[in-house]
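The structure under discussion appears below in the form of C-alpha coordinates.
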Amino acid sequence: MAIRIQEAPFDPGAELNALAELADGAGAIVAFTGLVRSAPDDPIASLTLECYPELAMNQIGRLVAQAQERFSLIESIVIHRYGTLRPGEPIVQVMTVAPHRGAAFEAAQFLMDYLKTDAPFWKKEATDAGSRWVDARAADDKARARWS
Amino acid sequence: MAIRIQEAPFDPGAELNALAELADGAGAIVAFTGLVRSAPDDPIASLTLECYPELAMNQIGRLVAQAQERFSLIESIVIHRYGTLRPGEPIVQVMTVAPHRGAAFEAAQFLMDYLKTDAPFWKKEATDAGSRWVDARAADDKARARWS
Amino acid sequence: MLAPMKILYFAWLRERLNRGEEEVQPPAEVVTIGDLIAWLRANDEAAELAMQRPEIIRAAIDARIVAHDAPIAGAGTVALFPPMTGG
Amino acid sequence: MLAPMKILYFAWLRERLNRGEEEVQPPAEVVTIGDLIAWLRANDEAAELAMQRPEIIRAAIDARIVAHDAPIAGAGTVALFPPMTGG
(Lines give C-alpha, C1' and ligand atoms only; values in the text may rest on other atoms or scores of the structure.)
Protein backbone atom coordinates (compact mmCIF):
# COMPACT_ATOMS: atom_id res chain seq x y z
CA MET A 1 0.00 0.00 0.00
CA ALA A 2 1.21 3.48 -0.77
CA ILE A 3 -0.27 6.96 -1.01
CA ARG A 4 1.40 10.05 -2.39
CA ILE A 5 0.07 13.61 -2.28
CA GLN A 6 2.32 15.82 -4.37
CA GLU A 7 2.50 19.00 -6.39
CA ALA A 8 5.05 17.53 -8.83
CA PRO A 9 3.89 15.77 -12.00
CA PHE A 10 4.09 11.98 -12.16
CA ASP A 11 4.61 9.57 -15.06
CA PRO A 12 1.56 7.25 -15.37
CA GLY A 13 3.38 4.55 -17.32
CA ALA A 14 6.45 4.54 -15.10
CA GLU A 15 4.17 4.21 -12.06
CA LEU A 16 2.36 1.27 -13.65
CA ASN A 17 5.60 -0.50 -14.50
CA ALA A 18 7.04 0.06 -11.03
CA LEU A 19 3.91 -1.47 -9.53
CA ALA A 20 4.00 -4.46 -11.90
CA GLU A 21 7.38 -5.35 -10.37
CA LEU A 22 5.63 -5.80 -7.01
CA ALA A 23 2.83 -7.91 -8.45
CA ASP A 24 4.05 -11.33 -7.33
CA GLY A 25 1.24 -13.88 -7.58
CA ALA A 26 -1.03 -11.39 -9.32
CA GLY A 27 -3.19 -11.99 -12.34
CA ALA A 28 -4.65 -8.51 -12.76
CA ILE A 29 -3.59 -4.88 -12.51
CA VAL A 30 -6.05 -2.02 -12.99
CA ALA A 31 -4.67 1.49 -13.42
CA PHE A 32 -7.05 4.44 -13.46
CA THR A 33 -5.60 7.79 -14.54
CA GLY A 34 -7.68 10.94 -14.12
CA LEU A 35 -6.74 13.83 -16.41
CA VAL A 36 -7.51 17.53 -16.43
CA ARG A 37 -10.40 17.63 -18.86
CA SER A 38 -11.04 20.54 -21.18
CA ALA A 39 -14.27 19.94 -23.07
CA PRO A 40 -14.34 21.32 -26.62
CA ASP A 41 -17.59 23.21 -25.90
CA ASP A 42 -16.33 24.62 -22.58
CA PRO A 43 -12.52 24.80 -22.64
CA ILE A 44 -10.49 25.62 -19.55
CA ALA A 45 -7.05 27.18 -19.37
CA SER A 46 -6.00 25.41 -16.18
CA LEU A 47 -7.27 23.58 -13.13
CA THR A 48 -6.03 24.43 -9.65
CA LEU A 49 -6.42 21.89 -6.86
CA GLU A 50 -6.36 23.17 -3.33
CA CYS A 51 -5.55 20.54 -0.71
CA TYR A 52 -5.51 19.97 3.04
CA PRO A 53 -2.54 17.61 2.99
CA GLU A 54 -2.67 16.27 6.53
CA LEU A 55 -6.37 15.39 6.24
CA ALA A 56 -5.78 13.96 2.75
CA MET A 57 -3.16 11.57 4.08
CA ASN A 58 -5.51 10.46 6.87
CA GLN A 59 -8.56 10.06 4.62
CA ILE A 60 -6.82 8.35 1.71
CA GLY A 61 -4.72 6.17 4.00
CA ARG A 62 -7.84 4.83 5.68
CA LEU A 63 -9.54 4.37 2.32
CA VAL A 64 -6.65 2.39 0.82
CA ALA A 65 -6.51 0.17 3.90
CA GLN A 66 -10.26 -0.48 3.55
CA ALA A 67 -9.90 -1.35 -0.14
CA GLN A 68 -6.95 -3.62 0.52
CA GLU A 69 -8.99 -5.58 3.09
CA ARG A 70 -12.37 -5.54 1.37
CA PHE A 71 -11.08 -6.71 -2.01
CA SER A 72 -8.15 -8.85 -0.75
CA LEU A 73 -5.71 -6.84 -2.84
CA ILE A 74 -2.09 -7.78 -3.33
CA GLU A 75 -1.11 -4.14 -3.67
CA SER A 76 -2.76 -0.73 -4.06
CA ILE A 77 -1.45 2.74 -4.76
CA VAL A 78 -3.02 6.21 -4.87
CA ILE A 79 -1.15 9.20 -6.27
CA HIS A 80 -2.94 12.58 -6.10
CA ARG A 81 -1.63 15.92 -7.23
CA TYR A 82 -2.45 19.45 -6.13
CA GLY A 83 -1.48 22.86 -7.48
CA THR A 84 -2.15 24.28 -10.94
CA LEU A 85 -2.40 21.79 -13.82
CA ARG A 86 -2.93 22.24 -17.54
CA PRO A 87 -5.51 20.35 -19.67
CA GLY A 88 -4.44 16.77 -20.34
CA GLU A 89 -2.17 16.55 -17.28
CA PRO A 90 -2.69 13.60 -14.94
CA ILE A 91 -4.35 14.59 -11.65
CA VAL A 92 -4.76 11.24 -9.96
CA GLN A 93 -3.74 7.65 -10.48
CA VAL A 94 -5.25 4.70 -8.63
CA MET A 95 -3.73 1.27 -9.15
CA THR A 96 -4.91 -2.05 -7.76
CA VAL A 97 -3.33 -5.49 -8.00
CA ALA A 98 -5.27 -8.70 -7.34
CA PRO A 99 -5.23 -12.40 -8.20
CA HIS A 100 -8.23 -11.94 -10.53
CA ARG A 101 -9.70 -9.11 -12.57
CA GLY A 102 -13.00 -8.68 -10.73
CA ALA A 103 -11.41 -7.58 -7.46
CA ALA A 104 -8.91 -5.29 -9.19
CA PHE A 105 -11.66 -3.51 -11.17
CA GLU A 106 -14.00 -3.20 -8.21
CA ALA A 107 -11.30 -1.90 -5.87
CA ALA A 108 -10.17 0.76 -8.34
CA GLN A 109 -13.76 1.97 -8.75
CA PHE A 110 -14.30 1.91 -4.98
CA LEU A 111 -11.20 4.04 -4.46
CA MET A 112 -12.12 6.54 -7.17
CA ASP A 113 -15.72 6.85 -5.96
CA TYR A 114 -14.54 7.65 -2.44
CA LEU A 115 -11.77 10.00 -3.54
CA LYS A 116 -14.35 12.14 -5.32
CA THR A 117 -16.34 12.80 -2.16
CA ASP A 118 -13.97 12.10 0.74
CA ALA A 119 -10.55 13.36 -0.29
CA PRO A 120 -9.98 17.00 0.81
CA PHE A 121 -9.21 18.58 -2.54
CA TRP A 122 -11.11 21.49 -4.07
CA LYS A 123 -10.97 22.20 -7.79
CA LYS A 124 -11.03 25.63 -9.39
CA GLU A 125 -11.19 26.00 -13.15
CA ALA A 126 -9.65 28.99 -14.93
CA THR A 127 -11.34 29.97 -18.21
CA ASP A 128 -11.09 32.96 -20.50
CA ALA A 129 -14.14 34.36 -18.71
CA GLY A 130 -12.63 34.06 -15.22
CA SER A 131 -12.37 31.30 -12.67
CA ARG A 132 -14.94 29.16 -10.87
CA TRP A 133 -15.00 26.53 -8.15
CA VAL A 134 -16.13 23.10 -9.32
CA ASP A 135 -19.29 22.04 -7.50
CA ALA A 136 -19.55 18.68 -5.76
CA ARG A 137 -21.76 16.47 -7.95
CA ALA A 138 -24.79 14.53 -6.73
CA ALA A 139 -23.74 11.75 -9.14
CA ASP A 140 -20.53 11.33 -7.15
CA ASP A 141 -22.46 10.98 -3.89
CA LYS A 142 -24.60 8.35 -5.58
CA ALA A 143 -21.58 6.47 -6.96
CA ARG A 144 -20.08 6.36 -3.50
CA ALA A 145 -23.32 5.21 -1.90
CA ARG A 146 -23.30 1.93 -3.82
CA TRP A 147 -20.38 0.66 -1.70
CA SER A 148 -22.11 1.00 1.66
CA MET B 1 -9.11 2.11 -31.97
CA ALA B 2 -6.31 -0.39 -32.29
CA ILE B 3 -5.82 -4.10 -31.77
CA ARG B 4 -2.56 -5.99 -31.72
CA ILE B 5 -2.08 -9.75 -31.59
CA GLN B 6 1.59 -10.51 -31.10
CA GLU B 7 4.08 -13.04 -29.80
CA ALA B 8 6.54 -10.35 -28.70
CA PRO B 9 6.40 -8.90 -25.18
CA PHE B 10 4.99 -5.40 -24.69
CA ASP B 11 5.70 -2.68 -22.13
CA PRO B 12 2.51 -1.89 -20.14
CA GLY B 13 3.66 1.53 -18.99
CA ALA B 14 4.96 2.60 -22.39
CA GLU B 15 1.62 1.56 -23.93
CA LEU B 16 -0.28 3.60 -21.33
CA ASN B 17 1.84 6.68 -21.92
CA ALA B 18 1.54 6.39 -25.70
CA LEU B 19 -2.24 6.23 -25.35
CA ALA B 20 -2.33 9.22 -22.97
CA GLU B 21 -0.86 11.29 -25.80
CA LEU B 22 -4.00 10.56 -27.84
CA ALA B 23 -6.37 11.38 -25.02
CA ASP B 24 -7.44 14.82 -26.18
CA GLY B 25 -10.59 15.91 -24.35
CA ALA B 26 -10.42 12.91 -22.03
CA GLY B 27 -10.91 12.88 -18.28
CA ALA B 28 -10.31 9.18 -17.63
CA ILE B 29 -8.05 6.37 -18.78
CA VAL B 30 -8.45 2.81 -17.53
CA ALA B 31 -5.68 0.32 -18.23
CA PHE B 32 -6.20 -3.34 -17.40
CA THR B 33 -3.14 -5.58 -17.54
CA GLY B 34 -3.55 -9.36 -17.27
CA LEU B 35 -0.49 -11.25 -16.07
CA VAL B 36 0.53 -14.90 -16.12
CA ARG B 37 -0.48 -15.96 -12.63
CA SER B 38 1.39 -18.56 -10.65
CA ALA B 39 -0.45 -19.23 -7.40
CA PRO B 40 1.80 -20.09 -4.43
CA ASP B 41 -0.21 -23.26 -3.75
CA ASP B 42 -0.20 -24.37 -7.40
CA PRO B 43 2.80 -22.86 -9.19
CA ILE B 44 3.24 -23.06 -12.92
CA ALA B 45 6.48 -22.97 -14.89
CA SER B 46 4.99 -21.32 -17.97
CA LEU B 47 1.78 -20.60 -19.82
CA THR B 48 1.44 -21.21 -23.55
CA LEU B 49 -1.29 -19.44 -25.49
CA GLU B 50 -2.37 -20.97 -28.77
CA CYS B 51 -4.11 -18.57 -31.12
CA TYR B 52 -6.13 -18.49 -34.34
CA PRO B 53 -4.85 -15.07 -35.43
CA GLU B 54 -7.21 -14.36 -38.31
CA LEU B 55 -10.28 -15.14 -36.20
CA ALA B 56 -8.79 -13.21 -33.27
CA MET B 57 -8.46 -10.08 -35.39
CA ASN B 58 -12.07 -10.42 -36.56
CA GLN B 59 -13.50 -11.14 -33.12
CA ILE B 60 -11.53 -8.53 -31.21
CA GLY B 61 -11.95 -5.92 -33.95
CA ARG B 62 -15.72 -6.27 -33.78
CA LEU B 63 -15.62 -6.21 -29.98
CA VAL B 64 -13.56 -3.01 -29.81
CA ALA B 65 -15.89 -1.32 -32.30
CA GLN B 66 -18.86 -2.33 -30.14
CA ALA B 67 -17.22 -0.97 -26.99
CA GLN B 68 -16.27 2.28 -28.70
CA GLU B 69 -19.89 2.84 -29.73
CA ARG B 70 -21.64 1.53 -26.64
CA PHE B 71 -19.57 3.53 -24.16
CA SER B 72 -18.83 6.57 -26.40
CA LEU B 73 -15.11 6.07 -25.98
CA ILE B 74 -12.52 8.55 -27.17
CA GLU B 75 -10.03 5.75 -27.76
CA SER B 76 -9.62 2.04 -27.03
CA ILE B 77 -6.78 -0.42 -27.46
CA VAL B 78 -6.43 -4.18 -27.02
CA ILE B 79 -3.04 -5.88 -27.03
CA HIS B 80 -3.01 -9.68 -26.71
CA ARG B 81 0.00 -11.99 -26.74
CA TYR B 82 0.34 -15.62 -27.73
CA GLY B 83 3.22 -18.08 -27.41
CA THR B 84 4.97 -19.25 -24.25
CA LEU B 85 5.06 -16.80 -21.32
CA ARG B 86 6.60 -16.98 -17.87
CA PRO B 87 4.82 -16.17 -14.58
CA GLY B 88 4.43 -12.43 -14.09
CA GLU B 89 4.61 -11.60 -17.80
CA PRO B 90 1.81 -9.46 -19.25
CA ILE B 91 -0.60 -11.46 -21.45
CA VAL B 92 -3.15 -8.84 -22.33
CA GLN B 93 -3.69 -5.12 -21.96
CA VAL B 94 -7.01 -3.37 -22.49
CA MET B 95 -7.09 0.43 -22.36
CA THR B 96 -10.09 2.72 -22.62
CA VAL B 97 -10.26 6.50 -22.77
CA ALA B 98 -13.45 8.44 -22.05
CA PRO B 99 -14.61 11.87 -20.88
CA HIS B 100 -15.60 10.43 -17.48
CA ARG B 101 -14.52 7.50 -15.33
CA GLY B 102 -17.73 5.47 -15.42
CA ALA B 103 -17.60 4.79 -19.15
CA ALA B 104 -13.87 4.04 -19.11
CA PHE B 105 -14.26 1.49 -16.27
CA GLU B 106 -17.32 -0.15 -17.79
CA ALA B 107 -15.81 -0.41 -21.26
CA ALA B 108 -12.61 -2.01 -19.95
CA GLN B 109 -14.64 -4.60 -18.03
CA PHE B 110 -16.88 -5.23 -21.04
CA LEU B 111 -13.82 -5.83 -23.22
CA MET B 112 -12.16 -8.16 -20.72
CA ASP B 113 -15.34 -10.14 -20.10
CA TYR B 114 -15.77 -10.76 -23.83
CA LEU B 115 -12.11 -11.52 -24.47
CA LYS B 116 -12.31 -14.34 -21.92
CA THR B 117 -15.04 -16.17 -23.81
CA ASP B 118 -14.92 -14.85 -27.39
CA ALA B 119 -11.26 -14.37 -28.27
CA PRO B 120 -9.78 -17.49 -29.92
CA PHE B 121 -6.91 -18.20 -27.56
CA TRP B 122 -6.38 -21.44 -25.67
CA LYS B 123 -4.19 -21.59 -22.57
CA LYS B 124 -2.00 -24.49 -21.55
CA GLU B 125 -0.17 -24.45 -18.23
CA ALA B 126 3.15 -26.24 -17.76
CA THR B 127 3.83 -27.46 -14.21
CA ASP B 128 6.41 -29.77 -12.66
CA ALA B 129 3.83 -32.55 -12.95
CA GLY B 130 3.19 -32.03 -16.66
CA SER B 131 1.01 -29.75 -18.70
CA ARG B 132 -2.75 -29.17 -18.80
CA TRP B 133 -5.22 -27.15 -20.85
CA VAL B 134 -7.03 -24.44 -18.87
CA ASP B 135 -10.78 -25.09 -18.86
CA ALA B 136 -13.24 -22.40 -19.84
CA ARG B 137 -14.86 -21.12 -16.64
CA ALA B 138 -18.60 -20.86 -16.01
CA ALA B 139 -17.85 -17.63 -14.09
CA ASP B 140 -16.53 -16.10 -17.31
CA ASP B 141 -19.71 -16.99 -19.19
CA LYS B 142 -21.67 -15.39 -16.38
CA ALA B 143 -19.52 -12.23 -16.39
CA ARG B 144 -20.08 -11.90 -20.12
CA ALA B 145 -23.82 -12.45 -19.84
CA ARG B 146 -24.30 -9.29 -17.76
CA TRP B 147 -23.65 -7.15 -20.85
CA SER B 148 -26.42 -8.60 -23.01
CA MET C 1 -13.49 30.22 27.78
CA LEU C 2 -12.01 27.34 25.80
CA ALA C 3 -8.30 27.25 25.09
CA PRO C 4 -7.36 29.14 21.90
CA MET C 5 -7.69 27.06 18.77
CA LYS C 6 -6.59 27.44 15.18
CA ILE C 7 -9.20 27.42 12.43
CA LEU C 8 -8.32 26.56 8.83
CA TYR C 9 -10.52 27.56 5.89
CA PHE C 10 -10.35 26.09 2.39
CA ALA C 11 -11.54 26.80 -1.15
CA TRP C 12 -14.38 29.30 -1.58
CA LEU C 13 -14.79 29.56 2.18
CA ARG C 14 -11.18 30.75 2.43
CA GLU C 15 -11.73 33.18 -0.45
CA ARG C 16 -14.96 34.64 0.93
CA LEU C 17 -13.38 35.13 4.35
CA ASN C 18 -10.20 36.43 2.78
CA ARG C 19 -8.12 34.35 5.17
CA GLY C 20 -6.84 30.78 5.24
CA GLU C 21 -6.52 30.52 9.00
CA GLU C 22 -7.09 32.38 12.22
CA GLU C 23 -6.83 31.82 15.93
CA VAL C 24 -10.01 32.06 18.01
CA GLN C 25 -10.98 31.60 21.64
CA PRO C 26 -14.71 30.87 21.83
CA PRO C 27 -16.68 31.18 25.10
CA ALA C 28 -17.53 28.05 27.11
CA GLU C 29 -21.08 27.75 25.70
CA VAL C 30 -19.61 26.96 22.27
CA VAL C 31 -19.58 23.18 22.64
CA THR C 32 -19.83 21.66 19.15
CA ILE C 33 -18.71 22.35 15.58
CA GLY C 34 -22.25 23.58 14.91
CA ASP C 35 -21.99 25.99 17.83
CA LEU C 36 -18.60 27.17 16.56
CA ILE C 37 -19.99 27.95 13.11
CA ALA C 38 -22.90 29.85 14.63
CA TRP C 39 -20.54 31.79 16.91
CA LEU C 40 -18.20 32.65 14.02
CA ARG C 41 -21.17 33.87 11.97
CA ALA C 42 -22.49 35.98 14.84
CA ASN C 43 -19.15 37.73 15.31
CA ASP C 44 -18.12 38.48 11.72
CA GLU C 45 -20.08 39.79 8.78
CA ALA C 46 -17.93 37.99 6.19
CA ALA C 47 -18.42 34.72 8.08
CA GLU C 48 -22.17 35.38 8.35
CA LEU C 49 -22.35 35.61 4.55
CA ALA C 50 -19.80 32.89 3.72
CA MET C 51 -21.58 30.29 5.86
CA GLN C 52 -25.17 31.32 5.07
CA ARG C 53 -25.93 27.63 4.58
CA PRO C 54 -24.04 26.11 7.51
CA GLU C 55 -25.37 22.62 6.69
CA ILE C 56 -23.13 22.37 3.62
CA ILE C 57 -19.96 23.23 5.53
CA ARG C 58 -17.76 20.21 6.30
CA ALA C 59 -15.45 20.06 9.30
CA ALA C 60 -12.38 18.30 10.64
CA ILE C 61 -10.81 18.37 14.07
CA ASP C 62 -7.07 17.76 14.15
CA ALA C 63 -7.20 16.35 10.60
CA ARG C 64 -10.05 13.93 11.25
CA ILE C 65 -13.45 14.47 9.62
CA VAL C 66 -16.22 15.14 12.17
CA ALA C 67 -19.95 15.87 12.14
CA HIS C 68 -21.49 19.16 13.28
CA ASP C 69 -22.44 17.68 16.64
CA ALA C 70 -18.83 16.78 17.48
CA PRO C 71 -17.50 18.53 20.62
CA ILE C 72 -14.61 20.90 20.03
CA ALA C 73 -13.18 20.76 23.54
CA GLY C 74 -9.48 19.94 23.33
CA ALA C 75 -9.26 20.65 19.61
CA GLY C 76 -5.94 22.07 18.47
CA THR C 77 -6.99 22.74 14.87
CA VAL C 78 -10.49 22.92 13.43
CA ALA C 79 -10.86 22.96 9.65
CA LEU C 80 -13.99 24.22 7.86
CA PHE C 81 -14.49 23.70 4.15
CA PRO C 82 -16.98 23.16 1.31
CA PRO C 83 -17.88 19.66 0.03
CA MET C 84 -14.75 17.98 -1.31
CA THR C 85 -14.10 17.51 -5.04
CA GLY C 86 -11.18 15.10 -5.12
CA GLY C 87 -10.16 12.47 -7.63
CA MET D 1 -19.51 -34.01 -53.31
CA LEU D 2 -18.72 -30.56 -51.96
CA ALA D 3 -15.57 -28.78 -53.08
CA PRO D 4 -12.52 -29.72 -50.98
CA MET D 5 -12.18 -27.63 -47.85
CA LYS D 6 -9.48 -27.07 -45.30
CA ILE D 7 -10.18 -27.88 -41.65
CA LEU D 8 -8.17 -26.29 -38.82
CA TYR D 9 -8.01 -27.79 -35.33
CA PHE D 10 -6.86 -25.99 -32.19
CA ALA D 11 -5.78 -26.73 -28.62
CA TRP D 12 -6.67 -30.14 -27.19
CA LEU D 13 -8.66 -30.98 -30.29
CA ARG D 14 -5.51 -30.52 -32.37
CA GLU D 15 -3.49 -32.59 -29.88
CA ARG D 16 -6.00 -35.45 -29.72
CA LEU D 17 -6.18 -35.62 -33.50
CA ASN D 18 -2.44 -35.23 -33.79
CA ARG D 19 -2.88 -32.73 -36.63
CA GLY D 20 -3.49 -28.98 -36.91
CA GLU D 21 -5.15 -29.08 -40.29
CA GLU D 22 -6.30 -31.36 -43.03
CA GLU D 23 -8.12 -31.18 -46.33
CA VAL D 24 -11.43 -33.01 -46.65
CA GLN D 25 -14.11 -33.45 -49.30
CA PRO D 26 -17.36 -34.42 -47.62
CA PRO D 27 -20.28 -35.95 -49.54
CA ALA D 28 -23.22 -33.76 -50.51
CA GLU D 29 -25.42 -34.88 -47.60
CA VAL D 30 -23.01 -33.12 -45.21
CA VAL D 31 -24.80 -29.78 -45.10
CA THR D 32 -24.01 -28.11 -41.76
CA ILE D 33 -21.15 -27.81 -39.27
CA GLY D 34 -23.01 -30.37 -37.14
CA ASP D 35 -23.14 -32.76 -40.09
CA LEU D 36 -19.44 -32.20 -40.72
CA ILE D 37 -18.52 -33.08 -37.16
CA ALA D 38 -20.65 -36.22 -37.31
CA TRP D 39 -19.08 -37.20 -40.64
CA LEU D 40 -15.54 -36.62 -39.34
CA ARG D 41 -16.31 -38.78 -36.29
CA ALA D 42 -17.77 -41.56 -38.42
CA ASN D 43 -14.67 -41.72 -40.59
CA ASP D 44 -11.85 -41.53 -38.04
CA GLU D 45 -11.40 -43.21 -34.69
CA ALA D 46 -9.30 -40.36 -33.27
CA ALA D 47 -12.00 -37.85 -34.30
CA GLU D 48 -14.72 -40.11 -32.83
CA LEU D 49 -12.94 -39.95 -29.47
CA ALA D 50 -11.77 -36.32 -29.64
CA MET D 51 -15.29 -35.04 -30.34
CA GLN D 52 -17.21 -37.41 -28.09
CA ARG D 53 -19.15 -34.38 -26.87
CA PRO D 54 -19.77 -32.53 -30.13
CA GLU D 55 -21.91 -29.90 -28.40
CA ILE D 56 -18.84 -28.34 -26.74
CA ILE D 57 -16.95 -27.97 -30.03
CA ARG D 58 -16.94 -24.42 -31.40
CA ALA D 59 -16.67 -23.63 -35.10
CA ALA D 60 -15.72 -20.88 -37.52
CA ILE D 61 -16.11 -20.66 -41.29
CA ASP D 62 -13.56 -18.49 -43.04
CA ALA D 63 -12.58 -16.89 -39.72
CA ARG D 64 -16.12 -16.03 -38.63
CA ILE D 65 -17.72 -17.81 -35.66
CA VAL D 66 -20.77 -19.89 -36.66
CA ALA D 67 -23.27 -22.16 -34.93
CA HIS D 68 -23.56 -25.91 -35.57
CA ASP D 69 -26.53 -25.40 -37.89
CA ALA D 70 -24.56 -23.12 -40.23
CA PRO D 71 -24.28 -24.48 -43.81
CA ILE D 72 -20.75 -25.29 -44.95
CA ALA D 73 -21.39 -24.95 -48.70
CA GLY D 74 -18.81 -22.60 -50.18
CA ALA D 75 -16.57 -22.67 -47.11
CA GLY D 76 -12.87 -22.39 -47.84
CA THR D 77 -11.67 -23.02 -44.29
CA VAL D 78 -13.59 -24.52 -41.39
CA ALA D 79 -12.05 -24.25 -37.91
CA LEU D 80 -13.05 -26.54 -35.03
CA PHE D 81 -11.90 -25.86 -31.49
CA PRO D 82 -12.69 -26.12 -27.77
CA PRO D 83 -14.27 -23.23 -25.81
CA MET D 84 -11.97 -20.22 -25.92
CA THR D 85 -9.92 -19.09 -22.93
CA GLY D 86 -8.68 -15.66 -23.97
CA GLY D 87 -7.85 -12.59 -21.94
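A, B, C and D are the chain letters, set down in written order, and residue numbers restart from 1 in every chain.
Quick note on the criterion: a residue touches a chain if its C-beta (ideal position, glycine included) is under 8 Å from a C-beta of that chain, and two chains touch if they have at least 3 such contacts.
Because the structure is predicted, anything quoted here is derived from the model rather than measured.
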Remaining chains grouped by touching, subunit A not included: B, D | C
item: Centre distance in Å when subunit A and subunit D are each reduced to the mean of their C-alpha atoms; value: 49
item: Gap in Å, rounded to a whole number, between the CA centres of subunit D and subunit B; value: 27
item: Where subunit A and subunit B are represented by their mean Cα positions, the distance between them in whole Å; value: 23
item: Overlap residues in subunit B, where contacts from two or more other chains coincide; value: 34, 101, 112
item: Residues of subunit C whose C-beta touches two or more other chains; value: 87
item: Pairwise chain contacts under the document criterion; value: A-B, A-C, B-D
item: Touch list for subunit D against partner subunit B, complex; value: 8, 10-12, 14, 60, 63-65, 79, 81-87
item: Footprint of subunit C on subunit A - complex, ascending; value: 34, 50, 52, 54-59, 80, 91-92, 112, 115-124, 133-136
item: Contacting residues of subunit B [partner subunit A, same complex]; value: 11-17, 20, 23-40, 88, 90, 99, 101-102, 104-105, 108-109, 112, 143
